[in-house]
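Consider the two complexes below, in which subunit A is the common component and subunit B and subunit C are the respective partners.
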Partner chain A sequence: MSVIADAPTKRGSRFSTTRSRRSALQGWAYAAPTAIFVLVLFVIPLLLVFQMSGSNWPLLSGNQGVNFPSNYQKAVTNRFFVDSIVFTLKYTVLATVLLIGLGLGLALLVQESSRWKGFLRTAFLIPSALGLASASLLFYVLYSPFAGPFAELMKSWGFTFLGTPNGALFSTVFLIVWRFAGFYMLLILVGLQGIPDEVYEAARIDGASRRQTFTWVTLPLLKPTLALATVLCVTGSLLAFEQFYILTKGGPDNSTITVVQLIYNVAFQGQNDLGIAAAISVIVLVALVIINIAQIRSFRRAPEES
Partner chain B sequence: MKSPHRITRRVRKITAFVAAGALMIAMAACSSGGGSTSDNSLAGAGKTGTDNGSTLTLWTRAPLEKQAKLLVAAYNSSHKNQVKLTVVPNDDYVAKVGAAAGSKSLPDLFAADIVYVPNWSKAGLFQDLTSKINALPYKDAINKGHLKAGTLDGKEHVLPFVLDLSMLFWNKELFKKAGLDPDTAPATLAEYAADAKKIQALNIPDTYGTATGLNCGGCLVFTWFPTIWASGDQVMNEAGTKALLASANAKAEYAIWRDLWNSGAVLPSSKDEAGPTWTAGFTQGKVGLMFYPATLLSSTTFDAGVAGIPGIKSGASTFVGGDGIGISKDSKHSAQAWNFMTWLMSKDAQVGVLAKDGDVVSRSDLANNQYSEKDPRVVTINKVAGEGETPVALNFQQAFNASDSPWLSLVRNAVLGDGGGVAKDNDAVTAVLAQ
Partner chain C sequence: MTIASRRQDRRMLSIGSLLLRTPYWVLTGGLALIFLYPLIWTAVSSVAPKAGTSQVNGWGFGNYVTLGNYQAGIVQYFANSVFVSLLTVVLTLVISLLGGYAFARFRFPGKNLLFLGTLAILMVPYATVLIPLYVILTAVGLQNTLVGVALVMTMFQLPFATFMMRIGFESIPRELDEAAMVDGASSFGALWHVLIPAVKPSMITVGLFAFLAAWNDFIAPLILINDSDKFTLPLAVANLRVQVQGIVDYGATEAGVVVLALPCIVLFLVLQRHYVRGFLSGAFKG
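Showing the complex of A and B:
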């Protein structure tokens, strides 16, 4: 503090410039670890992907030189490109609506103090402690018509969970809801508890019904939390991979190929072309940036209007 | 403030650091140099390579884990060189090899699914072994399909590691129950289907006539191609750039399977079977007969019959699959790695390890040995191995094995779908092969 106070005086100026230079250096030193991490783990890989997407780069023989824009042409003409985008969007809408809706419902349920509060919160949150890949494996066995506990049931109904395109989609969505509903509940619960009691009290004094309180008090004040939850959920769903890789492998009949799975297939399962895979990755990255900006904008604009 | 005592402590600390660093460098030099200064290149190696106590690394995929472990244990106990085996899950193998190839960190030796070998040889992952292989006195006896898959522009890159053949296996007990002759294999695919239906008709709970992997491109290649070969047709042109999967015999094959599926004589989970459990039903004795990998003969506990896979009208054939093995481009111990490969081809390994375990030998001159005499089924397998084929194509994985392969679409449309469009689906396979 004293250094800053001294700064404007003439006598201390030389002293303070060395001081401020030193503190600037210190600042850089503090920021350096993060900066290095970002550079090494984010910026360099990103640049590498850009380079790959513009190069002929087979998995097994490495960089063979620039061939821009051929990878992008091959990426958009891939026979699963359009199908995978349509499927990913379908899955994203389903998962987001279900997860945010259910998360909100569960949060409202466990927010009220009741005897079961602690138990319910824990019960809803426990699946989140399981890794997504492990959870997918667990459901793989559950859904298995050969080894699963529902094998008998499936046989008598003549139906398998992962055997039809819609069955596979909804079975996977069920796994995701089971795995993530608790997480979104927690996220929304934090937002709910951040709403001051005074506002509710005022609403009560004004004679607002329960429903009115929810629509006109809870929802508007929960908007930032809902925005965060939606951005997380949409981004996560658009990048869905493990659950489909383990449960369906894109099947049956290529009906559940997500965009990231297409990238993986092109890179490692047959075509083995990192260049085309990188080109799809860049396209997905650009799309994600645009979608996220649009989402954040739309959530930001709303409170200003009201 | 700095006391002399402190300074000495700091100096000591630095010395310790330097010493530790030097020690680490020395150790690293030791492990990479193999403790010897001799020539480790392939050219400098003798006919049987070098056995000087080096450590060799070897990668293989999980389905051949049992055979790989037996081979490595036998080699390590009889040689100064020591092989370190890494077993990688089947689905991750290509990605792992690809990543290692990019970072120049491939192991000294690695096995590859024989259908991927042409592509991997072209990518330059294996060293050229032509002169070494040609110098082997028993070269003509080594399995031709595997050698051919590893030959690119006249240069040979791989030797067979473990052969895996697709064979017709049948459960003799279930055959007896269904009133079928337990000692006679069905001679045609139609007879095969009839037998499956008879076993299904026993109505034993949880027991089915036959099983297959209808969502597993690799399984279908392995078990359905032989019927086409046995009928006298080919699945691809010689160069592996054009699919011939819409021939009359191929269509007849799909039609028989379609009828089998509709009759309910196929294990229901076969429809979605993507590979991991495609053999489980038969292994547990719940399937009457099926086309099955011969490597699992030794782990089949009940009395099973074995024969070649029948054609539409007559004949028998097999898919000579399994893995080929080569020395990687990144190996610093090529001479030592060649020592392992020549041992692998020797009688000690082929008869003493593989035949003893009930596996197929890679050398036809060793097909009759003391172990095969005990089990006539092994003789059958060895005999059919000579009549089998190994298809060669650069884009094999993408066209057939991949989960989104056009071959899988072809089979699923022909067997589970409306049954039409085989010609169109065949063109889609060609489109990928011709890339």
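Showing the complex of A and C:
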């Protein structure tokens, strides 16, 4: 029916205008639930967060009027603001490099289909089915100096996983790699399978070695996939929350507070100030948009340069 | 590297080349072990005897009993999680089914804007809209309710779900629904009788992702739910750790992780094909 509406003929033009109007009405009717959800639960909150960031807005008493730019001043002078940004960036770089590298490695490892490789794929993917909170709780026990499988070892060698700032960071990164490596493997695997066989065949006829094929054929053709994986990974890592909330509670010595954890703490733990939390949210939002645009641009430019 | 050369490799397999491939078996076997060990250890440890847990002597389900009796009872938390997850799955399926149909088959003003607006949800950090969502849900009386949590979860599922359903519908030849409409079916009749059976695989993928997301989500219930008897399972298990005078009950936590993870792992293993389809569709490129 929409085909008829899409291509009105001269003879039936009036007929088809009513048709296309009806089609438009029906289209809107079917799209209405989506529109309502996007409007009420996404667009309005997005506008509201800007308003809140410029208003005095305590958790319990609600909007107390405009106080711009006080929230932003309080946000940037919060004693954990700079630390949390530095820590989140450090964590993001570490997690992204490891996850994309390992995801690519695993994808290459299980590329062809065989029974063993099918098993490996499933084994690497199973942690992705777990929630981040479940995985964090699981590693909370694994890393425990009392109940974990390494408890005896920790006692006799005198080390802890979560006791020092660096230990806590690396232990959390390990958890994240365990949980997400399969996800990125699958994403990259799909990209690899999108590379036509003929291209490899041509490289083989030209006498390219395995390494040459990888560097000059696989990697360039995989670039869009790697770009997508990197953007997803950076976005996800910058918003890290559960893993640190559950594993480290921001400790030891407040060394593992992420930006989202700071938002949560300011809004609901102690300070109870939604205005300042909204101001940090806006800063994160703007920063993330800039970072993602920069990433997409650099990935787009790169192939022309090389 | 290529499939063709691999096939050649396989033909040349002999005991000698098998031995040469020992490092390969050790590497891949070791990797598989790293990924599976934490899960297996937790499952075994949750029923193994350990001092300081509810399972001190011999093997058994003592930790699960403690877990079962935690505060409102694990049955309550389990039911809360099931409710939120099922409501999210149903809402996501209904909305994305209708939305996908609209985007794939109809022309209407504002169509592209709405589609891009839906995908834009992916671009905006979860946490940055949770603060205003808290305010909005409070205003309409849905803060501190499981329905409110399900609505928020549904909204975050919409970009992926709408995209999946749209390409699901677009991959079906238009002749199929047009034939039904020529036969006198309404556009809804064509959707209901002809198209839904055809897009079923996409719906399974959408439902699976929605379930996993809702079942596992932590931050939305953490922020939106105050009453402990309305906690979802992840929240309850996380809180359980600090149950008795600040002493962590590791045994019950292990049992909690098993209860949390098991449905996801079973669903994943059964529906792995549909999980992979979510990646093949390119939906993450939205």
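By definition in this document, the second predicted complex is superposed on the first by the 286 of 306 C-alpha atoms of A that agree within 3 Å, B and C clash if a C-alpha of one lies under 4 Å from a C-alpha of the other, contacts with A are read in each partner's own complex, and residues count from 1 in each chain.
As a convention for this text, contacts are C-beta pairs under 8 Å (C-beta built on N, C-alpha and C of every residue); 3 or more make two chains touch, one makes a residue touch a chain.
Please read all numbers here as calculations on a predicted model, not as lab measurements.
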{"item": "Dominant contact partner of subunit A by residue count, subunit C or subunit B", "value": "C"}
{"item": "Subunit B versus subunit C as contact partner of A:G251, first or second or both or neither", "value": "first"}
{"item": "Touching partner for A:G182 - first (subunit B), second (subunit C), both, neither", "value": "second"}
{"item": "Partner chain(s) touched by A:F146 [first = subunit B, second = subunit C, both, neither]", "value": "both"}
{"item": "First, second, both or neither for A:F268, with subunit B first and subunit C second", "value": "both"}
{"item": "Which superposed partner A:L89 touches (first subunit B, second subunit C, both, neither)", "value": "neither"}
{"item": "Partner chain in contact with A:I291 - subunit B first, subunit C second, else both or neither", "value": "neither"}
{"item": "Which superposed partner A:L162 touches (first subunit B, second subunit C, both, neither)", "value": "first"}
{"item": "Touching partner for A:L221 - first (subunit B), second (subunit C), both, neither", "value": "neither"}
{"item": "Shared subunit A surface residues [contacts with subunit B and with subunit C]", "value": "62, 144, 146-147, 267-268"}
{"item": "Subunit B contact footprint on subunit A (complex, rising order)", "value": "58-62, 80, 144-147, 155, 160, 162-163, 249-254, 257, 265, 267-272"}
{"item": "Subunit A partner contacts - residues on subunit B that touch it in the complex", "value": "94-95, 97-98, 101-102, 119-120, 123-125, 215, 267-269, 271-272, 274, 277, 280-281, 395, 397-399, 401-405, 409, 412"}
{"item": "Residues of subunit A touching subunit C in the complex", "value": "1-3, 5-6, 20, 23-35, 37-38, 40-46, 48-49, 52, 57, 62, 106, 109, 112, 116, 119-120, 122-134, 137-142, 144, 146-147, 149, 178, 181-182, 186-187, 189-190, 197, 200-201, 204, 210, 213-214, 228, 232, 235, 238-239, 241-242, 245-246, 260, 263-264, 267-268, 274, 277-278, 281-282, 284-285, 288-289, 292"}
{"item": "Residues of subunit C touching subunit A in the complex", "value": "1-6, 28, 31-32, 34-36, 38-39, 41-42, 45, 50, 52-53, 94-96, 98-99, 101-103, 105-109, 111, 114, 117-118, 120-121, 123-129, 131-136, 151-152, 154-155, 158, 162, 174, 177-178, 181, 187, 212, 215-219, 222-223, 234, 237-238, 241, 248, 250-251, 253-254, 256-257, 260-261, 264-265, 267-269, 272, 275-276, 279-280, 284-285"}
